[in-house]
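Below: a set of structures, written as structure tokens.
Next, two complexes with subunit A in common: one pairs it with subunit B, the other with subunit C.
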Partner chain A sequence: MNIVLRELMSSRKSLIWWSVGLLAMITGGMSKYGGMQSSGQSANDLFAAMPKSLQAIFGVSTLDISTALGYYGLIFSYLLLMAAIYAVMLGANSIAKEERDKTSEFLMAKPVSRSRIITSKLAAAIILLFLFNLITFLLSAMMVNYYDSGAEITSKIAALVGGMFLLQLIFLAIGTSIAAVSKRPKLATSIATGILLLTYILSIAVELSSKLENLKYIIPFKYFEAKYILAGDGFDAVFVILSVVIVVVLINATYILYQKRDLNI
Partner chain B sequence: MNMFLHELKVNRKSTIIWTLSLVAIAVLFLSIFPTIEREGEEFKKVLASYPEGVLKAVGVQIDSITSFLGFYSYVFLYIMLCGAIQGMNLGMGVLSKEIIGKTAEFLLTKPVARKEILTSKALVVVTSLLITNIVFMGAAALMANIVAKESIDYQVFFMISATNFFVQLMFASFGFLLSVLVSRIKSVLPLSLSTVFAFFILYMFGSVIGEKAVRYLTPFKYFDLAYIIRHSGYEAQYIIIGSIFIVATVAVSFIVFTKKDIHTV
Partner chain C sequence: MNVIEIKNLTKTYGNARGIENVSFHVEEGEIFGFIGPNGAGKSTTLRTLLSIIYPTSGSATVFGKDSVQSASEIKKDIGYLPSEVFYYDRMRVKDLLNYSASFYKKDCRKRIQELAEIMDLDLSKRIDDLSYGNRKKVGIVQGLLHKPKLIILDEPTGGLDPLMQQKFFDLLKEENKKGTTILFSSHILSEVQKMCDRVAIIKEGKIIKVEKISTLKESNHKKIKVETKVPVDVDFFDADGVTNLEATNNTISFLFSGNINLIMRKLSEIELSNVWVDEPDLEEIFLHYYEKEV
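Right, the complex of A and B next:
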């Protein structure tokens, strides 16, 4: 419990900064919706006939940005990117920082097992992610409801944010497992962010080429896309199962690998 | 000169990795081009059934984005994103690593002025980025030669590619300044990554909502690649503002660093 509290305290400041970022992104983005509401630029049948790759380059999508919720879907893709960056760095840092800051000797000399330490750190990280999502949900629901009210909206946003939470759990687990196995703490954050960048670049490439379609199973950004959730299709069961499997495997790997590793004191 | 060579050697591995990554991204995206070209051709046939006005307006756009340079300038953004992270990491890490690694004491007791240290560090940043860009341009030109059927205007191609170097320099100098101003940097990557992505999201979102002011705010937007294709030239005012920004940040870094208290262990 002490470790959980200690972790929460040390991550307090960064969570506040990220919340400021979320606030700016959501309120700033949605306030633009108010301005363009009247012009009503919905995708017409011409754009609908366009191949997917050209749609991506043109910057049009199946989201109907003339409604507040559709416009929010547009912002949401950037929120996903922010959320993933936050989660992957949180995961990699929470484990790697002890060795980086030379505090691992102190921590390991305490009468707690390594698995206890990981459990506490993971618990703290999940609490932080939960807060991150709660803030995102509250801000989003408030802003979208301000422009367009309805019972549907809040539940749709809850579904989107739920997807974001799963995405964050995946990236958190990627971060912790890399930090658990990597002997050099600095390298752990680099590799974790490298994976994040790679999956992001691939997610763009998949949009451009239908040949790469099958790659979407290894790209978490493609698991919970706003355009499918908002269209009422809900979560794709395949991706939910896949996320759970990835998270469970990587978290297990974190426990096993970290317990066996020689620490860099 | 010693410091310069030593620093260059330290950065060798990361420069190689970054260069290879940028080349890999370029190869990945450019290999998609033939598909895009074909889909563009097919879509133009679909367009033939539309009224002439639509045909003209959209047809011209289709032609420009499915031309090689049009497609290159679209995907170049993602190359710039990675380039910017490299630049910011390099600029921020080159000084702060002495403090983080507790080698500042060793370095600063050598019979060299702080100005000389800064000069050689700044030169290393420029050299590393220059090497990256030269290799990248060569590889990208080669790839372009392979995928493009029509002949490419290489002057414009290199002008577009060179914008990466300028954007990298802007982020590197900003990182340089931050590393001098921020008193305790624990690790470079989280800070540089969040800064670059903040500007990137600002860019992406700015272009979606068509905000004019964003052009001056985010370095990603300093070069309108469509303008470069049309006029085979840069927009002078942005080059001037960018250069002033670089000179000013480096100058302030010099002034602050020569007077700053450096905390050793």
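Right, the complex of A and C next:
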């Protein structure tokens, strides 16, 4: 419990800054929708005129961005990227920082097992992710409802944010497992972020070329896409199961690898 | 009972040398010195004992329990002061010590106050604002606040001024009187000589001697210096038990340990103009361990 509290205390500042980022992204993005709506310009026509590659990069594809929720779906793909970056860094840092800041010698002299350290750090990280999602949900529901209200809107946003939480769990586990195995703590965060960016770029590539369709199974960004959730398809069971399997495997790997390794001092 | 028992402990880092077949034991209630030059493997041994790193082969027990299998259990009664102290930067001293205390199922508040007073440590300061010496004091209080049965110190005096060192040594001696076992690693001979009952000397990853300080000092080590009337070949003195052999002109000096009669007989064979026989200080005995290639 003491380690959980310590983790929460040391991470609160960064969560606050990320929340400011979320606020800017969500209010900024949705106010552009407001501007577009009032000028009578059809955003759908604008994006339809773009080549497919640009559409893919903007994440438009099949979203109907003339509606507030559809436009939010566009912003949401960026929120997903932010959420994933936050999660992967949180995961890698929470394990690697004890070695990076050379506090591992302090911690390891205490009567606490390595697996308890991991459990505490994961618990703290999941609490932080939950808060991140809660903030995202509240800001999103408020902003979208400001332009277009309806019970359906709030529940769809809840579904989107639910998918985001699962995505974050995957990236959290990627981060912790890399930090658990990496003997160089400074490298762990870089590698984890690198993997994230690679999967993000792949997710755009898949959008562009149907030949790459099958790659979607290794790209977490494709698991809970806004376009399907907003179309009312809900979560795809395959991807939910896949997410759970990935998270369980990587969390197990985190425990096992961290247990076996010499700590750097 | 042996509080620490290290058996053939080996730790290699790839091809780099760590420690090789280190074996020694520390008895309950003693202050045990662990001495050797920088990079000899002292910290490696201590970190293996705390399973911060794992042995390549061999094993260690603390309080009779395996240091890897029962790691978190034995640490309940260990207080550890690392050679370089690093703490969570944005914390106050008080918060760090409370965090440290929260790992032990004891109320340590009173002890923290006592120790802070002895070591003259301001609890309300932020750790980032502390000097190296003051950080070291935080480390000392942090290592002692839960009244451990075994204190492991890795180069503990770096950064402390002489007055603080003295207070710290007094504190350790007081703890030792209450039955606390202390493993004291250092490269400073005088402090080991002052503090310890027994000592293990480590060099290039290997233990080269485990001995009582008193034996080391007394052990018929004699510092012998002779002045001869005519130049004598240095090799004449190069016999068993002779070390640190040095010669300048007609003066020859060396350390001798062994049967004193043998060396006296040898001396009687040459024409002497003068002779000095002294007790060597510990430093001279150690230097010979440091320098001699094993």
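Everything below uses one rule, namely that the second predicted complex is superposed on the first by the 243 of 265 C-alpha atoms of A that agree within 3 Å, B and C clash if a C-alpha of one lies under 4 Å from a C-alpha of the other, contacts with A are read in each partner's own complex, and residues count from 1 in each chain.
To be clear about the criterion, contacts are C-beta pairs under 8 Å (C-beta built on N, C-alpha and C of every residue); 3 or more make two chains touch, one makes a residue touch a chain.
Just so you know, these numbers come straight off a predicted model, no measurement behind them.
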{"item": "Partner chain in contact with A:Ser10 - subunit B first, subunit C second, else both or neither", "value": "second"}
{"item": "First (subunit B), second (subunit C), both or neither touched by A:Asn2", "value": "second"}
{"item": "Which of subunit B and subunit C A:Ser113 touches, first, second, both or neither", "value": "second"}
{"item": "Which superposed partner A:Ser190 touches (first subunit B, second subunit C, both, neither)", "value": "first"}
{"item": "Touched partner set for A:Pro51, first subunit B, second subunit C, both or neither", "value": "first"}
{"item": "Most subunit A residues touched (candidates subunit B, subunit C)", "value": "B"}
{"item": "Contacts of A:Ser104 with subunit B and subunit C, given as first, second, both or neither", "value": "second"}
{"item": "Touching partner for A:Ser209 - first (subunit B), second (subunit C), both, neither", "value": "first"}
{"item": "First, second, both or neither for A:Asp262, with subunit B first and subunit C second", "value": "second"}
{"item": "Subunit B/subunit C common contact set on subunit A", "value": "101"}
{"item": "Footprint of subunit A on subunit B - complex, ascending", "value": "21, 25, 28-29, 32, 35-36, 39-40, 42-43, 46, 50, 54, 58, 61-62, 65-66, 71, 74-75, 78, 82, 85, 186-187, 189-190, 193-194, 197-198, 201, 204-205, 207-209, 211"}
{"item": "Residues of subunit A that touch subunit C when the two form their complex", "value": "2, 6, 10, 101-106, 108-113, 116, 260, 262-263, 265"}
{"item": "Subunit C to subunit A touching residues, read off their complex", "value": "47, 50-54, 71-76, 78-80, 82, 84-90, 99-100, 102-104, 142-143"}
{"item": "Residues of subunit A defined as touching subunit B within the complex", "value": "14, 21, 25, 28-29, 32, 36, 46, 49-51, 53-54, 57-59, 74-75, 78, 81-82, 85, 89, 93, 97, 100-101, 186, 189-190, 193-194, 197, 201, 204-205, 208-212"}
